[in-house]
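Two complexes are shown next, each including chain A; its partner changes from chain B in the first to chain C in the second.
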Partner chain A sequence: MSSTLFIALPLLFGFATPLLSRLGKNALAYTSVLMQLSLLGLALSLLLAHSSTTVELISIAAPLGISFVLSTASLLMVLLFTLLMTLFSLYYLFQRRANAYANESKFFTLLNMLLAASIGLVLSSDIFNIYVFFEIAGISAYILSAYSKTALALESGLKYLLTGAVASIFLLFAIVLIYLHVGSLNLAVIAEQFQLLPYNVKLLISLLLLIGFGFKVEVFPLNFWVTDVYQGSTSLVNALFSGIVVKAYLFVFFHILYLFLPQGEFTLFLLYLGGVSMLVAEVAGLRQTNLKRLFAYSSLGQVALIFVAFAMQNIQAVQAAFFIVIAHSLAKFMLFLALASLEKTEQNMHIDRLKQIDSPFLMVMMFLAMLSLLGIPLFVGFVGKFLLLKSLAVEGMLTLLVMVVVASFIEAIYYFKLMGYMLHKGTRSEKVEVSLGEKMIFVSLGLSLLLLGVFPMSIAGFLQNAAEVLLDQTAYITLLVGG
Partner chain B sequence: MEFSLYGLSDIVLSLKVTALANFFALLIVLSTLTVLFIAPNYRLKRSFYLLFTLLVASLFLIVYAHDYLLFFIGWEVMSISTYFLLSFTLSKEALHKYILFAMASALSLFVAILLLYSTQHSFLYEDAKQSYLAMSDGVQQLFTLFMLIAIFIKLGTIGFHYWLVDAYEESHNLFTPFLSAMLSKMGLYALILFVANITQATYVLAVMGLLTTIIATFKAIEQESIKRLLAYSSIAQLGYIVTVLSVADGMGGALYHALIHTLVKLLLFINIAGVIYVTQKEKLSDLGGLIYKLPQSFVFLLIGIIVLAGMPPLGGFASKFMIYTALLDAKYLLLLAGVMFSSASAFIYVYKLIYGIYLGHPTHKNLEEVKEVPWTFLAPQYLLASLLVIIGTFPGLVIPYINRILGELNLTLLSFETIQTLITSYAQYNGFVVMGAFGGIFVLVLMMFMLLRSKAKKPKNRFDIAYCAEEPNEATHLHYGYSMGQELKRVGLIHLIAKNSSKYFYDFLAKQMQYFSEVVRKIYSGNLLLNFNIAVLFLIILLLWSLK
Partner chain C sequence: MNIKRDIPTATLSGFALSAVLVLTLITILLQYLPLSQQRVGDALLVLNEKEGVANVVTTVVVYFRGFDTLGEIAVLFIASLGVGLMLQPNTECRLKAESNFMLQTASTLLFPLILLFGIYVMVYGHLSPGGGFQGGVIIASGVLLLLISHKNFEVPHTVIVAFETVAGVSYVLIGFMGLLLLDTFLGNFIPHDIANMGMLLSGGVIPLIYIIVGIKVGSEMSGIVQNLMQRSDDV
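== the complex of A and B ==
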């Protein structure tokens, strides 16, 4: 039953927050850390206990119709989410004294709903459940984005809501069509019968799914809302958006794609879509002067890179995709937490502010994260990019290879511009306090970037296993429907 | 030693000790030691030494790697650690320029090695030739293009040198010798690997090399700043090596010249680091007449420029001699003429260098209180200068080592009899005799000079210039070095060279990129109506595309 805990526990905690907040001023923050830690421990123990590909299958009978599959692939995502969430709770705990959220219990409710929904997306094996979690994650994200109630925040929340609503209409329409033609909502059953559908229906459903998820996986041209949302939301929330939410959507989108279209009918189209998304995002970010917006563009670029890797639909590339997912989640999480540390004293996020800040520690940490994002060797970002480009070269996709490399170069232009600002020689007037606890979080993130970069073999086998499981359609069908 | 990486069985990496690797490793050790010798004169942060260690480690990784992946990793780490080392002194613009070119170099190397991997699924040097031959024609050209861009940027070949001059000029005086002597050699190492293992690319190398030597030589002549002058000289010297690598038997001359260039650039940059340390001036026009104050430094610079110009008694001649004969051997007479032309023109800038610093009449009064540079600057110069003199006297000394490398690369060996002579198919050159003759003449002249020196007193006041028709004041530039070489600009071709066309090109490129970015950014302006319209348009295109 352990996989239900991943969803039930955060939801339960989320709705218990009003009660918990009565226990004392700090009760909520501490119990949250405790709960996240126990989830992380559970995920780790599952990882250590099971070497087989399928860890767990849970089906609850017809009237509820809920079924979860905890495979190596989804366990990887759950592990990443719980790890980041634990670090997030710890960070919040440490910086809380300086900058506690107004109305903390609501904040925690939304946070845990977001976590539960993200994990639910990854684990569900029923397309209607996926829709439900899609909505829950969306709604909590809209509110979190508008949480600080400034004009920008409200604008971003509204934009998020509008685009999210459009996305869910498309998704719902796709689900209706699927149910009409297949008569089931179970992913395995649909996967089994999807190939038999008439071409036009298949095409329409695929397009509707692409558009529905396209908004959420931030693919061009459906990603216009992203920069505004990142600018309006607080950096702390952005860390969750780019570290957890988008990764969950990416995973579930390609999970469905691999199940429905195992032959990869749209591979070429998706690959170029990803390549164009990456180029457009990086070019647009070139002249951006607001840090949050800039990192939003960079997120778009990186997510498009992951999109390309997943769209390749072979084991090496999907393994590379998992590497980039991990590298990007850790590095962006770190960068946004660093921004959150800067945000404590002042809201101004113009890049000129980097010249003023007198905090060598934060600078070094941001350097580490940026170098990893740029794919410099010795950092985990390189491993993912290298494996992906190697796979592209072996498959003979030279145009795409050059596209990705050019986009990486453009990304390097603005990241090194930022580094130039940080290395600026001159008087630095603005002191930034970073407490010991925050430092520990940054150092552990930075070290993990380096260690995974130098010893990627420690997780390569696990990631390859996850890639194999994710791509194996027949095994998934056998598991759920039976031989 | 072979091993695999990332737990993936399809990637085999290898480290191997070869004669070529040892040759470059020796240069690394020599440069590192001499540079660290002058370090105590500067107060440097601990992070500087940390980064410097990382840099040296990456250089060793580059030379001892035996596959292109480890080579690439070393290359990137080298670029990034150099970035942070340069960030101590460079202006923001120069630093950004450096890193963009370095990243462009690294990424094109990345594409090139991935193309190489795509055919035979191996990064090893042994398989490189096979992989190259297995490519289709178009991919071969693409591969050569990316590989050469990566190498040319590191070498600072003309057109790709835009970052180099500023980086050399503004880098820390401690670090400039290392930049010039070592980091550009890594580009050379990559080029040697490319030429020896994969393909010769004759015409590209010949044309680029020749253009580099000629243009950089004339750019060097017009420079006012000492470090800029030497930066261009560095580019020109590497241009000789690129040119000679374009011919089949050029490897020996290339390696010989690489050795000489490393030694002489260390000597020259340490020399001027000493001058800048005691005078705090970096422009030729601000210096002058220092021969009386810094006699030892003067002698070392003299040795340095004799080598740089490739004149007979010292080591520089031996390597130039080998380059000339290699070009003659291959019947590339036009190339030979071009190289000789730029080699002769190099006399102008080396003369400007020594005249500007040590001779003539100083403009500034405060140069009169200058003392000889500290011994920490002189000691490495003694070592380097004596090495150059030894190689000049015994030019055959290094031939056996070069032959070992050539044998390993399956190239024809150089002929070798005694260490005093250098033998090529056209001529034989006995360094010992030449050095003896020059030494004898030098002693004679020195004795005559000592005997016949005029007894007239030196003027007390530096404005006391008897044959000056006007009365100079503090603002008058007394030093001829002030505008030396400017008159050459009247020559049409040289005027064209002096016009900084690469600056215009890259500025244009940057501006176009910005306009483009400005247009693309409109997509993300936050106008939902516009965005939804774009999305609907996209959807329609998508539908049309898929129904086709």
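== the complex of A and C ==
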């Protein structure tokens, strides 16, 4: 089967939306879910077939044309994205009667464009093609962020648009320089020749890439916009931002980094950059009283943790990074969807309202997600954090190890505060209805957090293979340009 | 106009600072221009001969980097959707000024010509400079002219949506046809004899895609322009 389907089908769906929305009131929603389910099925069948890395050419052969590389690593991300997007659409369907979006057809178009772009970022082996997907993902995210058109939403959309535009200028500039000096846009060809460039050019390109992607992977000085965007967007959309979009950017950034800088020239710099962003985010999170902002800061902390793990550039640490990616995506998805269920009455909840809400089911689910985020044993979050700490200890990076531990403690402080609010004894006045369908989504997410945590070995081999493939620069080059 | 009074000093100094930064950056960059003047396009030129298309740029844009073009179309599509969403058409408030009689007559006369020219640029994109993007924008500029000159002119929303949907869907479907017949997405599955190079019917699937791109760009841009026009500035 062709990996192009993962991108072309959602695009086709996006283009065909006006046609589908004429077929009936629910036709659009159902076909969207059906398409995402079939993509999920396709990804699963590829997983079971478990073939080696495949390259799919578009129009012409590799060095000149665009090609998509489906390896264990990219398949893992594709699987995660399609799974989360399917769950998202199902959740939206279940709560739709009470809480449908205005202009629903446009909402579905944007969702599928976002899916296509995130998958494209992960699969593409051509840096300009990556830029195109960078733009598609960006623009759909800006619009989704401003979707509700309240003052806060418009502000966040504008902020997102401006930072995103700056980021893409930096990325575009890097691509121009690369094309000027290497004469190719193919990642493998660039990887081959990057080391031969003059030092200053290499430095300039690396810096431009770091700044361009830095905005999107939310590292410390460039992440000032994130919390405002999370606060302005609806919780539903935030689930996508922290579950899918940022993970796609993280993957593609480190994919490019491993290819261009195999010797790990900036490793130490990146490691401490990640460490500092983690501490800053967690400390800033301590004082938040708005739930969305709080979760946004926690997202920043976790993303920085993933950043550190990827920046370690060894197989154990990258495997840990994949574990944290999965754990964080599932848990944050749960938290934001739970917040969306709670927010039916009021947007932008203050944390005190957790004391008022009477919904044991949602409380239990949020509890599970928080425990996993904190890295409590028996949850998949623990496995990731443990593996990362282990590999930091093996490498003898004690400062970073201390930083990770301190950041985890700070995160624990505010999550325990929230848990205290949720367990608060007293009269609970606000009853929140959760439909059976919504419950099923939450239970499946929660169960996967638990099951993966109790049996981490079931996916450990797969993740290790993914880490090996992602780090193996020579195999990638041989695959694309031969010899 | 007194610049000092109208524009705050902070803005001016901001502009000055950015200008200095940009100049510094350009100076630095110029020092690192690649010394060997390699010609990056040569390999593409050689490959182009197989496709039988006279305009190499078209082959590169539509065929060799076809997926990028599909992506750019998607970008335009989402951008137009965003404009439509943020400035939802409101028939109550639109540009109020009645334009001059001469402008009205002239633009009515010019519009068919602009349309024809746009279509020409679009259809001959594989033979001469131009193509879908340019042709589409020319058509949209004709629509803009009518929007400015005629107070009550409006392209029906359904027409725009119909064009953009048909164009978008058929682009992806052509891609799938290539996947089915040639095992590569967007493959050139229509026979394209090199002997026909320079004829209107040559290049197989390439002119077809460029026309689709033109329709898509024309309808999206017209939609954006119309959405922007239908807001009066007092909202």
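By our rule, the second predicted complex is superposed on the first by the 468 of 483 C-alpha atoms of A that agree within 3 Å, B and C clash if a C-alpha of one lies under 4 Å from a C-alpha of the other, contacts with A are read in each partner's own complex, and residues count from 1 in each chain.
Everything that follows uses one rule, which is that a residue touches a chain if its C-beta (ideal position, glycine included) is under 8 Å from a C-beta of that chain, and two chains touch if they have at least 3 such contacts.
Bear in mind the structure is a predicted one, so any value in this text is a computation, not a measurement.
J.: Given the alignment on chain A, is it a clash or a fit between chain B and chain C?
T.: The answer is fit.
J.: Once the structures are superposed on A, label A:242 by its partner contacts, choosing first (chain B), second (chain C), both or neither.
T.: Neither chain B nor chain C is touched by A:242.
J.: Answer with first, second, both or neither: which of chain B and chain C does A:372 touch in the superposed model?
T.: Neither chain B nor chain C is touched by A:372.
J.: Applying the touch criterion given at the start, work out whether A:135 contacts chain B, chain C, both or neither, answering first, second, both or neither.
T.: second
J.: Vertex at chain A, arms to chain B and chain C: angle between C-alpha centres to the nearest 10°?
T.: An angle of 160 degrees, rounded.
J.: With the two complexes superposed on chain A, say which partner A:383 touches: chain B (first), chain C (second), both, or neither.
T.: So A:383 only meets chain B here.
J.: Once chain A of both complexes is superposed, is A:72 in touch with chain B (first), chain C (second), both, or neither?
T.: The answer is neither, since A:72 touches no partner chain.
J.: Considering only C-alpha atoms, give the closest distance between chain B and chain C in the superposition, rounded to the nearest Å.
T.: 11
J.: Check chain A for residues that touch chain B in one structure and chain C in the other, and list them.
T.: Touching chain B in the first complex and chain C in the second, no residue of chain A appears in both lists.
J.: What residues of chain A sit close enough to touch chain B in their complex?
T.: Of all residues in chain A, those touching chain B are 155, 159, 162-163, 166, 203, 207, 211, 221-222, 224-228, 269, 280, 283-288, 297, 371, 374, 376-378, 382-383, 387, 389-390, 392-394, 396, 398, 401-402, 405, 408-409, 412-413, 416-417, 419-421, 423-424, 456-457, 460-461.
J.: Applying the document's contact rule, which stretches of chain A touch chain C when the two form their complex?
T.: So the residues of chain A in touch with chain C come to 2, 4, 8, 11-12, 14-19, 56-60, 63-66, 103, 106, 109-110, 113, 116, 120, 128-129, 132-133, 135-136, 139-140, 142-143, 146-147, 149, 177, 179-181, 183-184, 198, 200-201, 204.
J.: Quick check on the complex: what are the chain C residues that touch chain A?
T.: 28-29, 32-34, 38, 40, 43-44, 47, 63-68, 70-72, 74-75, 77-79, 81-82, 84-86, 161-162, 164-165, 168-169, 171-173, 175-176, 179, 184-188
J.: If we count contacts the way the header does, which residues on chain B are in touch with chain A in the complex?
T.: Those residues of chain B that touch chain A are 5-8, 72-73, 76-77, 80, 83-84, 87, 92, 95-96, 99-100, 103-104, 107-108, 110-111, 114-115, 117-118, 121, 139, 142, 513-514, 516-518, 520-521, 523-524, 526, 528, 531-532, 534-535, 538-539, 542-543, 545-547.
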